[in-house]
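Below you'll find a set of structures to go through.
First chain A sits with chain B, and in the next complex the same chain sits with chain C.
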Partner chain A sequence: MKVSCQQEQLAKGLSIVGRAVSTKTTLPVLNNILLATDKEEGGRLKLAATNLEISITVWVPAQVQEEGEITVPARLLSEFVSSLSSQGKESTVQLTLDQPTLTLHVKGGRYEANVKGIASEDFPSIQSVSNSTNNISIEAGVLKEAINQVAFAASTDETRPVLTGIFANFSDSKVILAAADSFRLAVRTASLASEVSQAFTAILPARAMTELARIIPDDESMVEISVNANKSQALFKTDTVHFTSSLIEGNFPNYQQIIPKAYQTRAVLETSSLNQAVRTAGIFAKDSGGNIVKLSIIPGEDVTPGSLLLTANAAEVGDNRNEIDASVDGQNAQIAFNAKYMIDVLNVITTGQVALELQSPSNPGVVRPVGKDDYVHVIMPMHLAPR
Partner chain B sequence: MKIAAGEVIERPASVVKELIENSIDAGSKNIRVEIKNGGLAYLRISDDGCGIPFKEVPLAFERHATSKITEAEDLYNLHTLGFRGEALPSIGAVSQLTMLTRPRNGDALEGEAGSEIAVEGGKLVYHRPAGAPAGTVITVRNLFFNLPARQKWSRSGTSEAAQILTIINNYALAYPEIKFSLVSEGRLLLQTSGSSELKDAVIKIHGPEAGKAMLEVDSHPPQVDSDGVIQDDALGGGVRVKGLTAEPGYSKPNRNFITFFVNRRWVISRTLSYAIQEAYHSLLQTGRYPVCVLQIEVDPSEVDANVHPAKTEVRFLHERQVFIAVQKAVRAALVAGADSPLWQAANPLDFVSPAARMVNNIYAPLAPGEAAASSNPGPLAAPSPAGERERQRSWEEPQEHASGGMLDDVRTNLPAPKPGAAPVPANGSNGNSPTELFKPIQPAGPVKPRLPLLRVLGQMANTYLVTEGPDGMYLIDQHAAHERVFYEQFQARLAGRDLDSQLLLEPLLLDLSASQRLWLQDAEKKTELAALGFRVEAGEDHSFWLKAVPATLMGRDIKLSLGEILDEAEGLRDGGCHPNRSEAAEGLQVEVPRSWRDKLAASLACHSAVRAGQVLTNEEMRQLITQLERTHHPNACAHGRPTLMHLSQGQLERGFGRK
Partner chain C sequence: MGWTRCILHIDLDAFYASVEEVVNPALAGQPIIVVMGEANTQRGAVATASYAARQFGVHSAMPVGQARKLCPQAVYLPVRHKLYEEFSSRVMQLLRQQTPNIEQVSIDEAYADITALQEEAEGPEIAARWQELVKIQTGLSASVGVASNKIVAKMASGHRKPAGLTVVEPGFEASFLEAMPTGQLHGVGPKGAARLRDLGINTIGELAGADLDLLRETFGPHLGRELQDRARGRDNSGVVTFRETKSLSAERTFFEDTYDRAKLWREIQQMSMELADRLNKQELLARTIAIKLRFNNWRTITRAVTLASPTATASEISTAAGALMRMAWKRGTPLRLLGVRVSNFSETSAPRQLLFPYKLG
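For the complex of A and B:
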C-alpha cells in the first residue's frame, strides 16, 4: 500500500471514524482504524472503525500508487497526523505499508513515523446494508436538530433497552422521533426530502444517534437513511461518511397517550429568560436532594402582566426566588419539576418563546416551542410531601 | 445470713483476684504478681499497701474476719472490693502460704518491724517477727496440694496464666493509678505505669494503636445531642460515665474489648454491652465490636454487687437510667471526636499484646534488676531476698500515708465507726481510694471538626477519592461517603415529613416475590415506603404498580432497587455492598433493632449513592467532601463500613525511609 493525501482531509477523516473506535481492550483490533485503498472516483483512501454497535466509514480523496490495506492504532495515527499540520497548510501525507512487518510508514513534510499495525483480515467486516427496503432522504441539518431534541430524553438504564433508543416512525414525507425515560418524553416531527414508499418504524440507539448528530454537517446536504430487511441495522449515508448502527429490538411504548390533550394553565415565556431563571434556581435545587424547582404561574390582571415564580430551597443552605414575565392563559398553577429536566429541554428549544402547559401538580407538564408545532416535551412533576 | 454463699477458690486466677482486691483495699500503689506454671506451682503477690500489724496477722486467717465492714448495714453501702473476710482463710486452706507483712506506719506497734506467717493446708505452721518492707507479700505455693481432684481439674499453666492476665488487665484498667506488673516464668508479661492516665493503661494492655484510637468519654459536661440541643440531665440522674472508647475506625471482631467497671469493680453486663453497641449504631460493620473502658459511677446504695460470689454481676436499682447514661456518653464522645481511621501499617507493629506474648512465648526483656529479683524468689521460710525488699522499699512514697490499717478494726474487735468518717478506709484521703473518681479528665477543648480540611487530588480506580489533609493522605470511598450523606439527609428529612418523589410517566408493574407482596399488603409498611417516596398502588390480580420513586433514585434500575430495599429492610438480605455478618451463625450476633424506616432509609441511601466505578469530576468530588463534612458521622456509611482511611505524613515518611 502506498497512498498520499491531504493532511487536513486525512486528519478530519480520522477524527470522524475515531468516534466509533472502541475503548474496550478485549479485542485489540477494535482499537484500530482500518485503512484501505479504493480505486473508485479517481482514488480514495477508506478509513473505517467499529465498536460492534456502530461503525463509521469515511473516504478521503487520495492518490493511490499501490493498493493494500492495514489496521493501525487509532489514537496513535490520528494524533500524529494532526500534528503534521505544523508542516504547512497544504501539506500532504504519504502512507507506505511494509507488508512483511505490517508497519505503516507515515511521512508528512519532514516528520515521519512508523506505526505497527494488525492485519486487516482480523478486522471485523462492516456489514453493508444491502437490499434495503427503503431509501429515505433527509436534510442533514434537520436530522441533526431532531436527534438533539429527543436523544437526551432517552433512558440510560439498560434494564429496559427500548427506552435507551429513539423510536422513529417513517411515514409519508415525515419522520416522528420519540424518546422517553420513566420521567419525561420528547417527540419531534421532521419532514423528509422524499416520500416513504412504505411506512415503517425502528428503534435507534440514542447513544449512536448522538454520535451521528455530531459527525453529520449542519447544512442542507442530504443524509440517506436505509434499514435492512430484518430490521437489525440502519445505515446513514452522506457523501463521504457511512454510519451504521445496530437497531434495538422490541416494542416502544405507546407514547401518544402520555401527551396531555388539554391544559388548565398555559404560560408563554421567553425561552432564554426561563432558561436563565431555571439554571439559577438549579444552583440551589442541587443541594435539595431531589433537584427540585417549584413553579408558580400567576395570571396577569388588567394592566399587570402575568408572571412565573421559580423557587428552590436547599435545606440548611439557603433558598432562591426568581420571577419572570409570562403571558398566562388560565388560572393560577403550581408544580414542581426536577431542574435538570427543565434545563435539558430548554437547551434544545430553538424558538424565542416557549409555552408551558399544566393541568395539576400531579399531572405531566408540557413544554412546546411557540410558533412551531413540530416538538412536544412532557415532564412528570415531583410530588412534594406536605410540610 | 446476709451474704451470698462464698465462692471457694477454684483456680489460681481466683487467688489472684482475691489477693489483688485485698491489695487495692489496702491502698497499694504498686502491685506485682509473679506466677509459675500458671500460678499452680508458685504465685506471689507483693504490694506496698498498709500491711497488717503483728497481732492481727493470725486473725486474718480466720473465716469471716474482715476489717472492711463494721456493721451489717455497711453491706448496702460497700466502698471496698472485698467484704466477706473469706479470701485468706480459703486460700490458706488449699495451699502452702506464707505472708510477710509490715504495717506502713511502723509505729503501730512499737519494736515490731514486721511479721511472717506460714499456713499449710489451713494449719498454722509458724508466726514470727521478721524483717519486711512496708506492705504485704503473699506467696502461695503448690495450690491445691491437698486437693488432688481440683488439681486435676485445673487446666494447663498457659490457660491459667491467660486467666490471670485477664484479671490483671481488668484491674489495671480500673485502677490506672496503681502500677501492676505480671511476671510469668520469670519474664515480664505486663507492666502498667501507674500514671493515673487511663490511656497509658490502655496502651499497655490493648496496644498503642488502641491508645491512639481512644476518645475520652465523660458524661458530666452537658450533653449536646445531634441537633445541638442541650439535653436535660435529669435522666442521667446520679450516674456518671467516664473512660475511653475507641473511634469506630478501630474495632475488634469480638466483645472481649468492651470493659466496664461499676464503682471501679469489673463487671460483665449484657445490658451495658448492648448500650455500647447502641451508641455505635451504624458506625461499625456487623460483626465488629468497639473497644472501650468505661467507669460507671453510681451511688453505692443503688447497685447490688452481691449477686454472685465472684461479684462480676451487678444489679442496678435504675437500670434504664444507667443504660441511657452509658449510651449517651459514648455517643457524645463519638460525635465530638469523630476522626478518620488511621491507615493500618503493613509492617508488624512494635507492640505485642501481653496475651499474644504469652501465647507466642514472646516476652519483653526484663530490666536487669527485675530479672535478678524474680529469678530468686527465695525459699518458703526464708525472709525475702534483699533485692526484692529493696524494690519494695523503692515503691514507698515519700509522703507519709495516713493511718488506717486494713485490720485496725479487727484488733479493736469491731469498735464503733470512727466519728464522722464514711466507711471508706481512711487512706482514701490521699487520692487512692477505690471509690474516688478518676482524676478529672482535662476539659475537652473546642469541638473538633468532624473531618479535617481535605483537598481533592483525584480519583483512584473510579472508586476512591484521594485527598490531602493536614496530616497526610485520606482515601475516601465514594460510595460509602455518599451513602452516609444521603442517609443523614433522609434521617433529617424523615423526622419532619416525607421525602419528595418523582412521579413516573407511566406506572411501572412490579415483579415481586410472594413475601414482598405480603409486606406491601401491610398498610403500615406501605406507609413507611411512601414516606421515602415510593408510591405503590395495588392493581388487579394482586399486582402492584409503582407510581412514583424517591427523587434520589432517578437514573437507577428502579424495580431492582425497590426489590432489594424491601429485602434488606426485612433482613433477608444484607446491603448489597456489605459483607455478611460472620458471627450470626455462632449466635453471638445481637441484632441492633432498627426500625423499618431506618433500614429503608439506609438501604435507599445505599441505592441512591454513587457507585464504585463511577467516574466523578473534580467538582463532584469536592461537593461530596463538602457534604460529608456536614454529616454527624462522616466516618462510616449507613451500614457501618468505613468511609475514609488516613495515611499519615509520619507513616509515609517511615515507609519511604525518610525517618
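For the complex of A and C:
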C-alpha cells in the first residue's frame, strides 16, 4: 500500500472513525483503525472502526499509488497525524505499508513515524445493511437537532435495555423520535425528505445516536437511513461517512399515556430568561440534596404581568430567589423539579419562548416550544414532604 | 477505686436451643438441636446444640446426618427466627435499661461500657447482677466477661461457659491470653493461625512477644501491628451504641445447590418483602439494589443497580433484583447462595423524585 492524502482531511477522518474505536476491549484489533485503498472516485482511502455496537466508515480523497490494506492502533495514528499540522496547512501525508513486517510508514513534511499494524484479515467485517426494505432520507441538520432533543432523556439503566434507546417511528413523510426513563420523556417529530413506503419502527441505542449527531453536519445535506430486514441494524449514510448501529430488541412502552392531555396552569416564558434563572437557582440547588428548584407561578392582574418565582435552598448555607415575567393562563401553581432536568430540556429548546404546563405538584409538568408543535417534553416533579 | 475503663461482654449460652427450652419447659435438660434447613431430613446443618447435646460431640455447623449418628435421641427442631429475635430484643432492652452504653454485635451478644456505673458497685458485681437479671426476666443463661477493653472482655466471656463469669483485672490482660492458641484470638481465623504457625507462633503469648517487623512483613504494616496489640490484650475501640445503617441485606443459603428458576424467583420476592419491611420500620428509602450469587464452586459475585428514585417497595426491589439476576445468572447454573442487599439510603421525609405513574419498559 502506498497512498498520500491531505493532512487536514486525514486528521478529520481519523477523528470521526475514532469515535467507534473500543476503549475497553479484550480484542486488540478493535483498538485499531482499518485503512484500505479504494480506486473509486479517482482514488480514496477508506478508514473504518467498530466496537461491535457501532461501526463508522469514512472515505478521504487520496492518491493511490499502490493498493493495500492494514489496521493500525487508532490513538497512535490519529495523534501523530494531528501533530503533522505543524508541517504546514496544505501539507500532504504519505502512508507506505511494508507488507512483510506489517509496518506502516507515515511521513508528513520532515516528520515521520513507523506504526506496527495487525493484518486486515483479523478485522471484523463491517456488515453492510443489505436487502433493506426501507430507504429514508432526512436532512442532516434536522436529524442532528432531533437526536439532541431526545437522546438525553433516555435511561442509562442497562437492566431495562429498551429504555436506553430512542424509539423511532417512521410513517408517511415523518419520523417521531421518543426517549424516556422513569421520570422524563422527550418526543420530537421531524420531517423526512422522502415518503416512507411502509411504516415501521425501530429502537436505536441513544448512546450510538449521540455519536451520530456529533459527526453529521449541521446543514441541509442528506442522510440516508436504512434498516435491515430482521431489524438488527441501521445504516446512516452521508456522502463521506457510513455509520452503522445495532438496534435494541424489544417493545418500547406506550409513552403517549404519559403526556398529560390538559393543564390547570400554563405559563409562557422567555426561554433564555428561564434558562438563566434555573441555572442560577441550580447553583444553590446543587447543595440541597436532590438538586431541587421550586417553582411558583403567579397569574397577572389587570395591569401587572404574571410571574414565575424560582427558589432554591442550600442546606444551612443560603438560599436564592429569582423572578421572571410570565404570561399566565389559569390559576396559581407550585411545583418542584430537579434543576438538572429543567436545564437539560431548556438547552434544546430552539424557540425564543417556551411554555410550561402544570396540573398539580405531583403530576408531570410539560415543557413545549412556543410556535412549534414538533416537540414535547414531560418531567416528573420532586415530592416534598409536608413540613 | 474503680477501673479506668470497665467493659462487659455478655454472650447468651446456646441461644437458639435455650430459647426453645424456655418456651417449652418440658424439654429442659434434654439434648436439643436446632437445625438450619430441613430438620426432618439428612440435609441441613446444626445451628445450635444445647449443652446436653454438646456432650455427645454435636456442635454448630455440623451436618444434621452426622449429628443424628452421634445423638439420635436429641430433639431436632427447625430454626424459628422470629421467636429468637423477640427474645434477643427483650434481653437487649433489659440491658439498655441498665445503661445506654450497649453495643449489640449479634443476635446473642453485646458489649456494655459500665465505667460510669462503678460509682455504685464494682464491675464484677454489676456483671453478676445483670447475669442474674437476664436469667430471672427471660429464663436465659449468659456468660459474661469483665475486662478493661472489648477484646479481652470477649475472650473472657468465652473462657468459661455456660453461665460463666470471668474477670480479668487491669494489668493481667496479657497473662490471661498468654497460653491460649492464636486461633482463639478475635480476628485470627484458621488461615491466620496457619500463617502464624508457619512463623513458629502457636500461642497468643508467642504472638505478643514476636518480632513486629516479621509480623508486618507477613500481614502488612497495619494488621501486623494490630495483631500484636490484640495479643497483648490492648484495645482502644469504644462501645458503639449507635451504628448508622448503611445497608440491609437478606440471604438464603441452599443446602442443596439450586437451579430451580421458580424457586429462586420466589426467594427474591420473599427477601425483597423482608427488606421492604425493614426499610419501612426504619423510615428509610434505598436507591441501590444488589444481588449476591454464590455458585457451587464457591465463586461469589455481586451485581448492583442504582434506581432512578429511592424506594421501600417490595415489588420495586424485586423487579430490580430480578433484572440483575437475568443479567448475572445463566439458567440452569446451580446456586449455593442467593442474597439481596439494599443501600444508598435516604430518609422517607427527604424530597424524592417522583416516577411516571405508568410502568415503563
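Keep this in mind: the second predicted complex is superposed on the first by the 386 of 387 C-alpha atoms of A that agree within 3 Å, B and C clash if a C-alpha of one lies under 4 Å from a C-alpha of the other, contacts with A are read in each partner's own complex, and residues count from 1 in each chain.
FYI, a contact is a pair of C-beta atoms (placed from the backbone, for glycine too) under 8 Å apart; a residue touches a chain by one contact, two chains touch by 3 or more.
Here the structure is a predicted model, which is why all the values come from computation and not from measurement.
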Overlay on chain A: chain C relative to chain B, clash or fit: clash
Contacts of A:V162 with chain B and chain C, given as first, second, both or neither: second
Touching partner for A:L356 - first (chain B), second (chain C), both, neither: neither
Partner chain in contact with A:I258 - chain B first, chain C second, else both or neither: both
Touching partner for A:H383 - first (chain B), second (chain C), both, neither: both
A:V175 touches, of chain B and chain C: first, second, both or neither? neither
Doubly contacted residues of chain A, that is, touched by chain B and again by chain C: 157, 159, 180-183, 185, 253, 258, 289-290, 292, 336, 338, 362, 364, 380-385
Of all residues in chain A, those that touch chain B in their complex: 156-157, 159, 180-185, 253, 258, 289-292, 315-316, 336, 338, 362, 364, 378, 380-387
Chain A partner contacts - residues on chain C that touch it in the complex: 305, 307-309, 320, 323-324, 327, 346, 348-361
Touching residues (chain side chain B, partner chain A) in the complex: 489, 492-493, 496-506, 508, 531, 533, 535, 548-552, 554-560, 630
For the chain A and chain C complex, residues of the former touching the latter: 155, 157-160, 162-163, 180-183, 185, 250, 252-255, 257-258, 289-290, 292, 336, 338, 362, 364, 380-385
